[in-house]
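Quick one: the structure is below, and I'll ask about it shortly.
Read from first to last, the chains carry the letters A, B, C and D; within each, the first residue is number 1.
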Amino acid sequence: MIKAGIVGISGYTGVELLKLLLHHRQVQVAYIASRSHAGKRIDQLYPFLKGFSNLVIEKIDIEKIKTLDVVFLALPHTVSAGIVKDIFPHVKVVDLSADFRLDIDVYERWYKVRHPAKELIDEAVYGISELNRDKIKHCSLLANPGCYATSVILALAPIADLIDDSVIVDAKSGVSGAGKSLKESMLFCEVNENFKAYAVGSHRHVAEIEQQFGLNNRIVFTAHLLPVQRGILSTIYVNLKRAVDIKIFDEFYKSEFFIRIVDNPPQIVDVKGTNFCNIYPALIDDKRLVIVSVIDNLIKGAAGQAIQNMNIMLGLDEKEGLYPAPYYP
Amino acid sequence: MIKAGIVGISGYTGVELLKLLLHHRQVQVAYIASRSHAGKRIDQLYPFLKGFSNLVIEKIDIEKIKTLDVVFLALPHTVSAGIVKDIFPHVKVVDLSADFRLDIDVYERWYKVRHPAKELIDEAVYGISELNRDKIKHCSLLANPGCYATSVILALAPIADLIDDSVIVDAKSGVSGAGKSLKESMLFCEVNENFKAYAVGSHRHVAEIEQQFGLNNRIVFTAHLLPVQRGILSTIYVNLKRAVDIKIFDEFYKSEFFIRIVDNPPQIVDVKGTNFCNIYPALIDDKRLVIVSVIDNLIKGAAGQAIQNMNIMLGLDEKEGLYPAPYYP
Amino acid sequence: MIKAGIVGISGYTGVELLKLLLHHRQVQVAYIASRSHAGKRIDQLYPFLKGFSNLVIEKIDIEKIKTLDVVFLALPHTVSAGIVKDIFPHVKVVDLSADFRLDIDVYERWYKVRHPAKELIDEAVYGISELNRDKIKHCSLLANPGCYATSVILALAPIADLIDDSVIVDAKSGVSGAGKSLKESMLFCEVNENFKAYAVGSHRHVAEIEQQFGLNNRIVFTAHLLPVQRGILSTIYVNLKRAVDIKIFDEFYKSEFFIRIVDNPPQIVDVKGTNFCNIYPALIDDKRLVIVSVIDNLIKGAAGQAIQNMNIMLGLDEKEGLYPAPYYP
Amino acid sequence: MIKAGIVGISGYTGVELLKLLLHHRQVQVAYIASRSHAGKRIDQLYPFLKGFSNLVIEKIDIEKIKTLDVVFLALPHTVSAGIVKDIFPHVKVVDLSADFRLDIDVYERWYKVRHPAKELIDEAVYGISELNRDKIKHCSLLANPGCYATSVILALAPIADLIDDSVIVDAKSGVSGAGKSLKESMLFCEVNENFKAYAVGSHRHVAEIEQQFGLNNRIVFTAHLLPVQRGILSTIYVNLKRAVDIKIFDEFYKSEFFIRIVDNPPQIVDVKGTNFCNIYPALIDDKRLVIVSVIDNLIKGAAGQAIQNMNIMLGLDEKEGLYPAPYYP
């Protein structure tokens, strides 16, 4: 069995990684760590895991991490890079923070911090699994994409060359995308029966999308907070350079298991609990295209794509551990 | 006291009208009617009204309606026009259906029915209160705007002349906007923890917006269903003909009580339970503008604006009966 | 106009007091204070109040409070009593904390703190408005009841003398009952689509109920957290000493505006947004009675009853400022 | 592979059976049927199943059912028995309706219909898996218990002999327990932000509990509707004949994988998405016991227990196909 570790187990992404890997037939989670809950058994933190995992949450221990085959880092930016610096290249790393997704100047402009391991950025591969599979196969440091960015990049990829002028992305995310942080704005009474726009016109994740397609400064992005736990739905408005056949989407993804081109407007429930991305392209006329894209932000937008990437890095079946168990109702 | 009637009391808009009018100091609801619950006392249908209203739901009775000073029709399209035909001009009418909002050809194209009273369309005034106040004052047949249309028209009005090419409207509505209809897609288990796009690229309400501004075929509209009971948030993307000072919004609405230009991205809770429309304009650069607009779909988007319009028609204080009781938390 | 103050404006109860008092025709809020937001305008904290109140949040200032006619304290226990000590009897006090609800020994046993103003406990009147009206009229220090306690005491009062052995109270509260505190367990993702029992067998509020009826140690109470913002529904199981006519409930409350005895199982929506308590008594057989009671925890369970009590203390119409605006849908 | 069928695929229980059986390593679903959607492919009805199942929904066909090894009937009562009559004993039947759970007189009293196959009631085994395992092994007609009944029977079993006088069951269920029926009371706007009691004092499922323990007329039961999709939490109040050691619960279930005795009050999220039942027993004093029990109503309360029972009937590993995938967050 391949020995995996999860650092940052106390957040939503950390526990999602663990839940998914419990079903992975080639990988065993051998180490879980957290900055805040070391010493507790995992089922004390998450009673629903009682009887399934006896793992004890450990402190972050560089030497222990080095003994693993692969480690997932589900940590805030800069914290993550600080650890990568010490463990690379002793262990394969799937980093779910933003630290290795962007060129250094773009990173420092958006995150307004000094990067603690900028010398490693060139080692990293940006992991939209379906688009970068060949590079992912050979990498040891995987920068797992942001959730918003995943939903948009997968939607735009088939027509990236045809984009005229700017793209408008109106994205809506469930609350787990913000992590388990103690902010007043994340309290039940503030989120429930409410809906809000934020980051109007721009968002950190835009940098990932622009970098992917070379669309500098051409994406107008607005983020919104949905009163749901999981899911991202992005509605994307594109002006096309020339008329296009909508079948280009089916063609582009015809071999991809986790991408479903659909012919009705999608909803979050279509992908909730799974690693799928559903994409609905709709032509308004010859020059105007609307694309609606939907993912589970914690799975295809985080833990699921991370495992998909790990599978590619380790030469395993890409779908292993990601067999869907859709949440419905 | 002015004697008012509400026809269509069993829907969400009907009961919202009643709730608001209970606090109106010049108007008394003297008649409530429904196609399906005639004979019941209102507090049998709505137990929360026990002790507040003894009204009995009646059948729709043309002669009784003619004895009123004003009547609100909260009915499906065509049903509404069929009644207006019989009661006009004996009583002032505030019609909340789509029947008198559009030119006849536009109406028949979108609603795919024959209009039962097309000869009265010219009598009607389209009631965005803030924009058409002068006409509303003198009218006897008021076409109350659609909820989506209200949120968009109010947002676009200050820069209507500056719109270059097309406008993108990404609108999200709470569930009460769909009325109290028995559809599987409106069941709790189908809506909760879900979010979906529908009417991608176009929606009936677009016709109202295009007609208001003469923007034929230039609005790309997508509707979305939010898992909340009340509220519409519209995110609107405009390319401008020329640079504009954002203060134009404050200036345009400086005398309007129910319009608040805000400098932070708005949320539904900012207007829930009230007749306000909050508008947040944000310039991306000289030529690109994002406007976020938020209303309570049942109040400013339906019953509240209807009462505001009635107040104008009857020469009353425009705010009467609309004193806000924001819902929070 | 009577001059009122609200200390603790930043919590859910504080802002509910303000919202309700904005509609009170004899009382004007002249002072609002908070330990954490002094200096901000109220509409910076709560944008939905923009245009309705220009009040600036002040520091807690004993001298200023003394200039008021009445002050509402919406503060944590012990903090509240510490202030009462300094302002009593210069100003009439409605205290929404637990500090003056209980006998000193009961208080110190449940709250495990020293009471900072125990000499004033005898001055205080416990304010279930409908039951203690005569005492409330003449008091200057009002201990406003707990939300759970209100829902249970009102339900039990008509048959208090008939209770055989113990009473079982299975109570369920919306999230706002826990206040606006930053706890992980109050985050949207932890509360939504979830439901939990807590305080199994006992709860602080039980002391208020037992004290009211002299039922020492005879109430078995379990609290539960509902994934809703507002509302408490208590299901109460009583063994009766002897057969009783259910009409005793109607009789007992026949003159009470805010108590509605209903003949169908109640729901939160029946009282949400209002100061009502709906009570549904159902006999199982001669000796066993189930009572379901429902209130809005922030209104009849806190701010509403507080204003009702103030009205009684000041000789005003008991309903003033409490005219219902039910939230539906 | 064992060939299974699901009749009643369009309801929540039907699709839950299919979702779970997709992961079962010895059983293949060979036939799905519905009274209303015959002819559609399953992923037209449930887009989230696209790519996972190509099954076409068929009409209910007695001859086809007879060719299966086992069939699950997720149908309304009487409809189910009508089919069992025709297919028994040609195929093993797991019936999820109420038709074979009760003695004929009890059944007809509660359901107020004539039983269409009363001669088969004696063939049926009532399937609380943990309690009736030996009988289940040898049966061909399995009456799968009601969801409320499951949550209560499992909680009471360890102390069934010690119950003094009556038991009070205060049960709260998520909305999926009511099925996918088109009732106004199940619309999102009616359920969300609401909570209600119903069936106060009694409920059909009580008959199952009383029959299991011979507690005729001794259970006082109140059902409540929670604004969540999944989950039942039952709070049970028992007077004991004599003092009991709480460890009796651990002892009773020590070999049971799917029962977890917990030492903190449970919540729905502890079992959501799984076949577990968490039970929390808390002594108030020597004679009074509170038990809180929680299950996922669609899994341990329906589809999961049905598969567990099928596993027992077919001699398979009882846990197969029920490997948990807890839903969190």
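Definition applied: a residue touches a chain if its C-beta (ideal position, glycine included) is under 8 Å from a C-beta of that chain, and two chains touch if they have at least 3 such contacts.
Predicted model, so just to flag it, every value in this text is computed and none were measured.
Think of it this way: of B-C, A-B or A-C, only one pair shares over half of the C-D contact pairs by residue number, and it is A-B. Ranked by separation of Cα centres from chain C, the top chain is A. In terms of their C-alpha centroids, the spacing between chain B and chain D amounts to 45 Å.
The mean-CA centres of chain A and chain D are about 36 angstrom from one another, to the nearest whole unit.
Between the CA-based centres of chain A and chain B the separation comes to 39 Å, rounded to the whole angstrom. Multi-chain contact residues of chain D (touching two or more other chains) are listed as 12, 176, 189-190, 192-193, 227-230, 266, 269, 272, 327, 329.
On the chain A side of its complex with chain B, the touching residues are 166, 168, 170, 172, 189-190, 193-198, 200-202, 220, 222, 224, 226-231, 233, 235, 237, 265-269, 272, 280, 282, 284, 288, 290, 292, 327, 329. On the side of chain C, the complex with chain A involves touching residues 12, 175-176, 180, 182-184, 186-193, 227-229. Within the complex formed with chain B, the chain C residues making contact are 12, 15, 19, 23, 46-52, 176, 192-193, 229-230, 257, 260, 262, 264, 266, 269-274, 278, 298, 323-329.
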